[in-house]
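One structure is given below, represented as structure tokens, and several questions about it will come after.
Lettered A, B, C and D in written order, each chain numbered from 1.
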Amino acid sequence: MDMESRRESARALFQSMVLIRAFEERAAAAQAEGKAPGTCTSVGQEASAAGVVKALSSNDLILTNHRSAGHLLARGADPGRMMAEVLGKATGYCKGKSGTLHISVKELGVILTSTIVGGELSLATGVGLSVSMQGSDAVVACFFGDGAACEGIFHESLNLASLWNLPVLYVCENNQWQAFVHRKETMLADHISPRAASYGMDGVTVDGNDVEAVNEAARVAIAKIRETRKPFLLETYTYRTRGHYEPDDQTYVDPEELASWKARDPIASYKKKLLAAGTVSEADLAAIQREVETTIDGAFLFASESPYPAAEELLTDVYA
Amino acid sequence: MSTITAHEAIGQALAEEMRRDSTVIAFGEGVATKRHELVEEFGRARVRNTPLAEGIIAGTAAGAAATGLRPVIDLLFAPFICFAMDEIVNSAGKLRYMSGGQFSFPMVTLAMTGAGWGVGAQHNHNNEAWFVHSPGLKVVMPSNPADFKGLLKASIRDDNPVVFFLDIGLLYVPGEVPEGEHVVPLGKAAIPREGSDVTLISYGKTVHACLAAAKTLEGEGISAEVVDLRTLKPLDEEAFLASVRKTGRAVVVHEASRTCGVGAEVAATIAEKSFASLAGPVVRIAGPDVPAPSSYPLEQAFVPSAAQIVTSVRGLVGK
Amino acid sequence: MSTITAHEAIGQALAEEMRRDSTVIAFGEGVATKRHELVEEFGRARVRNTPLAEGIIAGTAAGAAATGLRPVIDLLFAPFICFAMDEIVNSAGKLRYMSGGQFSFPMVTLAMTGAGWGVGAQHNHNNEAWFVHSPGLKVVMPSNPADFKGLLKASIRDDNPVVFFLDIGLLYVPGEVPEGEHVVPLGKAAIPREGSDVTLISYGKTVHACLAAAKTLEGEGISAEVVDLRTLKPLDEEAFLASVRKTGRAVVVHEASRTCGVGAEVAATIAEKSFASLAGPVVRIAGPDVPAPSSYPLEQAFVPSAAQIVTSVRGLVGK
Amino acid sequence: MDMESRRESARALFQSMVLIRAFEERAAAAQAEGKAPGTCTSVGQEASAAGVVKALSSNDLILTNHRSAGHLLARGADPGRMMAEVLGKATGYCKGKSGTLHISVKELGVILTSTIVGGELSLATGVGLSVSMQGSDAVVACFFGDGAACEGIFHESLNLASLWNLPVLYVCENNQWQAFVHRKETMLADHISPRAASYGMDGVTVDGNDVEAVNEAARVAIAKIRETRKPFLLETYTYRTRGHYEPDDQTYVDPEELASWKARDPIASYKKKLLAAGTVSEADLAAIQREVETTIDGAFLFASESPYPAAEELLTDVYA
């Protein structure tokens, strides 16, 4: 990569993470002010979303879960329509019927978002099968948590994808938490990626707080999938630094552990790295930050002023 | 017309629909083994055996259905659907609505159930009411080979998730089936026998108990109309309400356990929407609220019989 | 008596039963985190967090119940039970029967449901009728803090698998709860209000809509009796039949979808067993047959309201 | 082991396998003659059942599945009451309510038999938890097939048992078939035992047609469980040489593969080995065989002459 494209890529990754952070913190603040229902944020994990999604091509598909704002925004979803969905408004991507936890945007290829933990794993094989039978070269990225990796459907999904050569990039965002249960209370090993071996699949763990490392690991994995049409398990090892669902006082969290991960904040670290390397200037980054703030202000205004769905909507979209 | 079993009628429907539409695929535990004629015609990509894992079979179907394929999956016996409830109910049934209409799920789930095989409640559990009670699904349960074919073809063409129950006691009984294009629309009941004194409403195997009972009753001067629901969701209310408005009496019959079964819905609908026409209580004859036993005589005793229906109707008509 | 929420009443019931019987244990995703006072009193062996895996949580409970423990498990939200259907229905519900009575399954499964949280159909799905329709299970759904406590204590002491639904809209509403030993027997309905013109039959949150409607109706000179079913399986038929025999009119109300809901069973039972007393159709007021939406106004529109009940009763009574 | 106890042990293992074979072949023959409903036999796999069960102590517990006759008979179940259950008779172990596929015998510690594939895996952790909380030193043996190892509940069960230190001996009888689907059509790897690593558990594969090897491997595994109170995965690699369920014409089976496994029949092989080593005499073995035939004749007679359950039994044993 030459300097200019490196700078472009860095800007995009940084902008994406900042946008995700700003969007989620605004949604959380709105909840605290009584202006929005609860929501799940991915604060602390932005590098995972931005790094992986930016490695995908536009015809690739994404399945995600309750903690999806990052994947959607990195993919280019409109923050206004997303915020409207969070608020249950008619202008939301799902007409307010989803609310915050299962936003799908079909036109962007972010499909079948589900808040059933493991739902995305159960559906990804079918999407992979469609893609593969249609002869498309698309890759299906399936995001899930360390909790989902405890569900039986994880086992079933990876086994089938491997057996049938389905082009699925499994991305386990191991954020150390399963709602109010620490990951260590749910499994003996620290990592999920070695489980890929049970299915004859390749698996790799990457530092989920280093956006460039994630991006690079995802690129390698995606290239491999395109070449071999076989699935791949990528684990992004990271940490959820806000609560599980707003509001959440996090009294169940070990403060030292939390502090140690906050010290490794993906946005702050990346900023430091970029400035140190001189890739981007401080002014540049500040401009991105300001632009994002403006975007989010606009998004929240749009969402707040949007109408709720009409009462008749209660009964529509049930059957095709 | 040819005389074939329901099992063969299903094979015919699958082959015809796969020929007609290249997006129709079929998979499940042993589908490729049991339907090798489909493998021969359509190849191993469209007709597949799977690992023993109902959850991912159904999930794969839902994911594929939402992205351009029309999967037919075989989950073997109805109790095994327990491992696929999330995929069928929470994904296929709800994600259209939850996404504001962005996705549709044209998929068919086949499952056998009912008495006749003597292997007990972990194979024999008439749980169709679960799916009738779940939003976004359609539910079908045919009573004869022609309907097996026609309803399966309609189910495959439907853009919604259909749970299609095969009453095992009917699968190997032959009947007349039209060749080629024979599509029975979902949501339409049949009236295999007309009558004026009482309406017998049923589906699946017990339709035949109703028909036998009607024959016996005819000899006693009681004229029974038989309604075969065929589709359990959407229910053809108009069909059975019209019949009850005519006869003034209703007996609802099914093999599934009584409590909260489909018969409860039918009886409650009658009690609400055709109350004024009723000359007597709405009677339900159903399986007892116990797991299905294996032992042959107990298994048989589980299933509503023509004799029970006759006795009930006599009581109702006051003869 | 003290005034506490249903959430606290559940904690009280758990603590009292764990104190009383050392075989009572509790586990689930976050149980030890959320009920840390139980961890402090009873230790980490008896109060456990689990991996995120509903199937094995329920299966572990069933296996433990059959071998001497009395587990209470928390599956969080009712739709997540989809991942535990096999263990609850096929194992806990059937293996007693299938083994000829060799095992029993004293276990309680907790699950929240209902409108009030605004997160849509994958969290909010009133699927209690599935379990009412499944053999070998008991099903409970309380409407007030005292019953939450008393019914949970009875459920824990019961030797059968109980699925215990927590209507989320009720969990943080305070009410009077007797201290200490307060056991509400399973299978017994309550009559929180007596009346003579019409019977309103309900359970869970909509009991309060019925009570509010009854108050409004009183002002119009219509006397409504309210039956709170409390236990959905076994259903206290005698209680609601006796009431309907007295009033001659019945309106059945619940938030769960109408088709094949518990209301269908209640209405069908009335139409069959107290037909002669009926002065008019048996009316059902229930959630629509659609997935629960997230958006606040839609979510509210999903739930039967006192106003709907009042309008229905006026029509029924002919005023 | 001295010569006499070696002889004793050999006799017991041989007798057990011969009894299982004779029982199942009689049940199958009765089906063919229209005298019994269908049944699942484990012909060809007897070494797995006999080898493992004979390694257990009397207070250990067993969970098994649809292919359970071997485990039950090796544990000492009465062939008469078992055959009565197969025929759905009132004298069966489950009063005829189970029939052939889910025979439990609580007094022998064979509990919660289930024909839902994976059912035994879902229940075994709970039994392990009971045993462990009661401070008993019992081990819970959980038998399941290669098919069950494809179900998600396999993943959930092994993870929990490992995490909670439950004394479960997982025995995967990898018989190369999952009803009418060959194991190779369901997974990439040949073996199940390496999957134990995903859960931090030990796993071993043993030749499932060599009864002494199975018995020895089971003894080692059980000793380890008793010592560590941790679960263990033992895979017995074998082959089902009869059909999945009677009747079954096995047209879907590769005749060469079948023949090659029949040539390794566990009973014939063991007989040859014992005679070659002089551990037991030909006459001895013939006597065992004759005795077994008599037992099975008696069992079938008992079952045939037993009454069906009374009609009232339809409604009993639902609730405790």
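Structural remarks
To be clear about the criterion, a residue touches a chain if its C-beta (ideal position, glycine included) is under 8 Å from a C-beta of that chain, and two chains touch if they have at least 3 such contacts.
The shown structure was predicted, so the numbers you read here are calculated from the model rather than taken from an experiment.
Greatest Cα centroid separation from subunit C: this falls to D. Separation between the centroids of subunit C and subunit D, computed from CA atoms only, is 41 Å.
If you average the CA atoms of subunit B and of subunit D, the two centres end up 36 Å from each other.
Per-chain CA centroids place subunit B at a distance of 29 Å from subunit C. Residues of subunit D in contact with two or more other chains: 95-98, 102, 114, 116, 118-119, 150-153, 156, 159, 163, 185-187, 318. Contacts with at least two other chains are made by residues 50-51, 53, 55-56, 79, 82-83, 86, 90, 97-98, 120, 122, 135-136, 289-291, 293-294 of subunit C. Taken as a contact graph, with one node per protein chain and an edge wherever two chains touch, the assembly is complete, since every chain touches every other chain. The part of subunit D that touches subunit A in the complex is made up of residues 150-156, 159, 162-163, 185-189, 194-195, 197-200. Per the touch definition, subunit C reaches subunit B in the complex via residues 79, 82-83, 85-86, 89-90, 93-94, 97-98, 120-122, 125, 127, 129-130, 132-136, 233, 235, 256-257, 259-268, 270-273, 275-276, 278, 280-284, 289-291, 293-294.
By the touch criterion stated above, subunit D contacts subunit B in their complex at residues 37-38, 88-89, 95-102, 114-119, 147-148, 150-153, 178-181, 185-187, 252, 308-309, 311, 313-315, 318. Remark: subunit C residues 29-30, 33-34, 49-56, 79-80, 82-83, 117-120, 122-123, 288-291, 293-298, 301-302 touch subunit A in the complex.
Those residues of subunit B that touch subunit A in the shared complex are 25, 45, 48, 50-51, 53, 55-56, 58-69, 71, 86-87, 90-91, 95-106, 135-136, 138, 159-160.
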